[in-house]
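One structure is given below, encoded as structure tokens.
As written, the chain order gives the labels A, B, C, D, E and F, with residue 1 at the start of each chain.
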Amino acid sequence: MANQILLLTTFLAMTCALVIAFEPSPLQDFCVADTTSSVTRVNGLPCLDSKLAQADHFFFSGLHIPGNTSNPVGGKVTPVNVVQIPGLNTLGISLARIDYAQWGVIPPHTHPRATEILTVLEGSLYVGFVTSNPDNKLISKVLYKGDVFVFPVGLVHFQQNVGKGHAVSLSSLSSQNPGVNTIANAVFGANPSISDDILAKSFQVDKTVISSLQAKF
Amino acid sequence: MANQILLLTTFLAMTCALVIAFEPSPLQDFCVADTTSSVTRVNGLPCLDSKLAQADHFFFSGLHIPGNTSNPVGGKVTPVNVVQIPGLNTLGISLARIDYAQWGVIPPHTHPRATEILTVLEGSLYVGFVTSNPDNKLISKVLYKGDVFVFPVGLVHFQQNVGKGHAVSLSSLSSQNPGVNTIANAVFGANPSISDDILAKSFQVDKTVISSLQAKF
Amino acid sequence: MANQILLLTTFLAMTCALVIAFEPSPLQDFCVADTTSSVTRVNGLPCLDSKLAQADHFFFSGLHIPGNTSNPVGGKVTPVNVVQIPGLNTLGISLARIDYAQWGVIPPHTHPRATEILTVLEGSLYVGFVTSNPDNKLISKVLYKGDVFVFPVGLVHFQQNVGKGHAVSLSSLSSQNPGVNTIANAVFGANPSISDDILAKSFQVDKTVISSLQAKF
Amino acid sequence: MANQILLLTTFLAMTCALVIAFEPSPLQDFCVADTTSSVTRVNGLPCLDSKLAQADHFFFSGLHIPGNTSNPVGGKVTPVNVVQIPGLNTLGISLARIDYAQWGVIPPHTHPRATEILTVLEGSLYVGFVTSNPDNKLISKVLYKGDVFVFPVGLVHFQQNVGKGHAVSLSSLSSQNPGVNTIANAVFGANPSISDDILAKSFQVDKTVISSLQAKF
Amino acid sequence: MANQILLLTTFLAMTCALVIAFEPSPLQDFCVADTTSSVTRVNGLPCLDSKLAQADHFFFSGLHIPGNTSNPVGGKVTPVNVVQIPGLNTLGISLARIDYAQWGVIPPHTHPRATEILTVLEGSLYVGFVTSNPDNKLISKVLYKGDVFVFPVGLVHFQQNVGKGHAVSLSSLSSQNPGVNTIANAVFGANPSISDDILAKSFQVDKTVISSLQAKF
Amino acid sequence: MANQILLLTTFLAMTCALVIAFEPSPLQDFCVADTTSSVTRVNGLPCLDSKLAQADHFFFSGLHIPGNTSNPVGGKVTPVNVVQIPGLNTLGISLARIDYAQWGVIPPHTHPRATEILTVLEGSLYVGFVTSNPDNKLISKVLYKGDVFVFPVGLVHFQQNVGKGHAVSLSSLSSQNPGVNTIANAVFGANPSISDDILAKSFQVDKTVISSLQAKF
């Protein structure tokens, strides 16, 4: 099961594509990512010769295809960020489609570099985010088709399908590469592991509880 | 007809909600726009007391409702930016739903403060953007359901429904308030008018052509 | 004539050098553009070894030389941006000299990445900019020698010589590479063309009017 | 015990003062926060009349005083951000002193708006951060007096005193108000609670385990 | 003479208007500074109701009028920044005209928030800037009419009229409020004074030399 | 003695490591500087392959070791910026330890790209900064162990040990590479020299005074 979660997380990671703002501004019309260049790595990605830019560099297809939600959490993310659309490089925005099985969840996570704005395309979702310390106030709501909700940059948030069938949402994120830290995976599934002594103290439980949690990620 | 276009443009203006990046970063978890405050205007909008923030400040409903495309261009924009969701203030992202009658168009326009990423929800669209001088290269493509396309910040772009029925798209924009300059309205419908002498020289036509164009906006 | 305009536009494009702000900040004293490097393209330009930086990298001469305004619009732009001064790379500012024949115009255009501040050096200019939808309010003024005017980032603006002789202005732009979209060229001179059906709907005119406009750019 | 943690978290929240970068730039020499002004809230804080600025607005004392680590996790944060030093407003940097009892920990947390750079003043610390999905790679090290370590913006990180006595570190953060999300508190101590069904699915455990975790925060 | 210098510096200060980039981006078409508002101070300036914006808010006249160079250094700065043009608020650019008597100088100074790009309108100037420690390399050049030179943000720079008559230059700066620190005034003319012990050590001279320097500012 | 100062300044330069904010945001979890890459120079530094990133890339040791203050000014800076910690690349923060002999000073200087926040670890310091023209107001204070003080970005500031023994402070700076312009060295020690005629006019003294000052740097 740990493998399945890892797999899911891998999709999430390359995917949980939200769009982040506040990135460095573009200094030319566009800077299509040159993913074949291995010569030099930069903040973001190097640019293709602008004369070679074509419509396909700004294009992605398949966002209408349902993701496979047969996994332990019942949620699947299809990312559309600079990895999928090289023309997004330097432009500070990206997308993700999310499919939910009945009662499926997208576990609590943060985007280190993006605010997210989510639109419900099908079904009903219970969503929420938690404010910073010390309040840790939960701001949540049940959403229906056509509803939109905002998750501010860096805050912990989650989604759950609370309707009768499959649900679908589309998220926009204010970064070309927003990143995603799924709490369970980052804390209990880090590789190598965070020591059980630290986690036991942090969560105020026995090390045996920590070990059983770690075994799942 | 000029009135109808003006009306459309009004919707576009408050609407053609794309999301722009590169805005000032937030300096707190969030800064819900206090739209009732008339005391002081700032870059962006003043903030509500954070203790009063509620889920509804981060929420909008109705994005599944088709817009009315009975207007000369056959396109209608439903915006979801900081005007509709006060919680977007300082967060650098927004949305817009666009409905298209058959052969309906969203005329050439620019967003002064945002890159746009468009997803086709229903139907087929012919879309494109034009690069800066001197090349003015048109980068265009026909899109189908589930396709995604990017319009870089500040460049002229347009959409047309080229399928057999109604079409719908959802756009994300890298600004809480991206702005929209519809070319025809800004150039031929400015109020007061740009002088016909300037426009005749700029478009290399007789003033009578300019006058007939201005009469429509 | 289309060629002449194209030529003019080429100058404009490399030129209509205004200065844009809000660019990524420098991370060292300077980063002189290494225009000979073809190894890697980045957002902006790669840097020369700082030890090789010389005064000439921060220098341009000839801004006192009148531009040749013998072209259909009677306006000529001489740009001074990162192309002409490699030391401007990462520094977020540039210049342009503009010469105007009698009644000469700089046609309506936008800078996708810069605010412009214009100073009249000689003669009299009628200038203006148009606000975003839905107001499309024209804010304009006749300027005389020593007058200064501001065009906010991304908004449509224009200039015309309304004095008795030649006129000259100097513009500063808040970007090392502000870009310029001349409306007429981007809309009617795109290559390949934007379809006449889209343009006819957008400007509410017959396709024959569109064709005659396209023939000029 | 939940109360004690809450208390600790409160200190953390107002405290875990790291310094974040990438904030809006200052537009004047300084903008001392006017904390007495309740008239208008802005992104950041309104400014005091600059003529009233005094040395004490840029000053804080007491960072040499040990914090009280008598709490369940054995760690205590003393923050020095814009709340303590109003002159930090608009300037994008802050500090925090952290005291650690023997084996005391600062539980896994993120700063939504800041990178942190930590210096060990006394004792030995085991510290680490976890990369985004899908790798969730733990990058960790044991630090001694005079050692420095970096936690990149938005990533999950933690510290533990692994030496023989008390330990002390000083952190700098790239924001005037970096914020802190302590994972345990945000996830298991949110107010109101995140539903146990969501958490059980997310952490792949029985609801009884979730309930016992929630009881502690 | 100290008074004369102080006076000059006052002009410089409100003036030595260069334009700086990297300021917070605008979140609306424009935000004309509301200089009559004393209710709330913000980073930058509060905005006038956008409906009240007029052409004069984006306008300044008189930049063709020579400044009075009858002062000890023989240089006079006429600033055109957000103080003179309220429409520059949030737009990140400004100007300054500088007049030079024969052999007149603009003493070594820095702009804390702007890069400067200078154009010689009349005469000949010797200009230069000094790189950061440890190199302190002087990059300098003699400029003639029509020449342009760049001073990177934050670096010490200066100008001197080395031609036969009066000289004039126009500077653009990448900030709406770039600020200016004239070295001699900041170091030897601070109010109250920096202690002569500190300055004697810093400049490796007797306190008597420091006292005589301080007497002049 | 000039050599000794030069040497000190060299340390200062590579060191006087403060942390500056307002830098371009990271577009990935981290971008460890690849200091061995000589292929391409960029704004900041190119990135190492992220798979090769190790704890040591985010680490520095030795900040507890006193610097050698046996030099003319009696102050020594130990920098910890992107040169010492490659993992700081793109993250906008850095540190510096400063040691002071009795009555030792850190001469007046500016950081072109950073705000500094200083903490006194041992001893007593007299510190201050000077506001921009025209006020040149000195804002200063005597600090004791545990006191913290802020120097806003780009302003002239200084420190002096006014206690009975050695003093130590730790500074945080809002840039990965803040830069430092020591006034005395930039003005009187530039290489090649700024002409004595310019300096004599600027400081209102005889050229002989200037020559004697230049001889020391």
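Criterion: contacts are C-beta pairs under 8 Å (C-beta built on N, C-alpha and C of every residue); 3 or more make two chains touch, one makes a residue touch a chain.
A quick note: this is a predicted structure, and the numbers were derived from the prediction, not measured.
Peer 1: Would you mind naming the chains that touch chain A and likewise touch chain E?
Peer 2: Touches both chain A and chain E: B, C, D, F.
Peer 1: Between copies chain D and chain F, what's the superposition rotation on C-alpha atoms, in steps of 5 degrees?
Peer 2: The best-fit rotation has an angle of 180 degrees.
Peer 1: Please decide if copies chain C and chain F contact each other with the same set of residue positions, more than half shared, or with different positions, and reply same or different.
Peer 2: different
Peer 1: Where the centres are mean C-alpha positions, what is the separation of chain B from chain E, in Å?
Peer 2: Chain centres of chain B and chain E, defined by C-alpha means, are spaced 40 Å apart.
Peer 1: What is the distance, in whole Å, between the centres of chain C and chain E, each centre taken as the mean of its C-alpha atoms?
Peer 2: Result: the chain centres lie 26 Å from each other.
Peer 1: State, to the nearest whole Å, the distance from the C-alpha centre of chain E to the C-alpha centre of chain F.
Peer 2: 23
Peer 1: For chain F, write out the residues touching at least two other chains, lowest number first.
Peer 2: Residues 22-26, 29, 39-40, 42-44, 112-113, 128, 132, 140, 152-153, 155, 175, 179 of chain F touch two or more partner chains.
Peer 1: If each chain is a dot and touching chains are joined, what shape do you get: line, ring, star, complete or other?
Peer 2: Per interface graph, the chains form some other shape.
Peer 1: Touching pairs of chains, which are they?
Peer 2: A-B, A-C, A-D, A-F, B-C, B-D, B-E, C-E, C-F, D-E, D-F, E-F
Peer 1: Could you please specify the touching residues of chain E with respect to chain C in the complex?
Peer 2: Listed in rising order, the residues of chain E that touch chain C are 19-26, 29-30, 53-56, 58-65, 80, 85, 87-88, 91-95, 115-117, 119, 121, 128, 131-132, 139-141, 143-153, 155, 170, 172-175.
Peer 1: Can you list the residues on chain A that touch chain F in the complex?
Peer 2: Within the complex, chain A contacts chain F at residues 22-24, 39-45, 112-113, 175-177, 179.
Peer 1: So in the complex, the part of chain B that touches chain D is made up of which residues?
Peer 2: 24-29, 31, 34, 37, 39-40, 42-44, 46-49, 89-90
Peer 1: Given the complex with chain E, which residues does chain F contribute to the contact?
Peer 2: 1, 5-6, 9-14, 16, 22, 72-74, 103, 105, 107-108, 110-113, 126, 128, 130, 132-138, 140, 152-156, 158, 160, 179-195, 197-199, 201-205, 209, 212-213, 216-217
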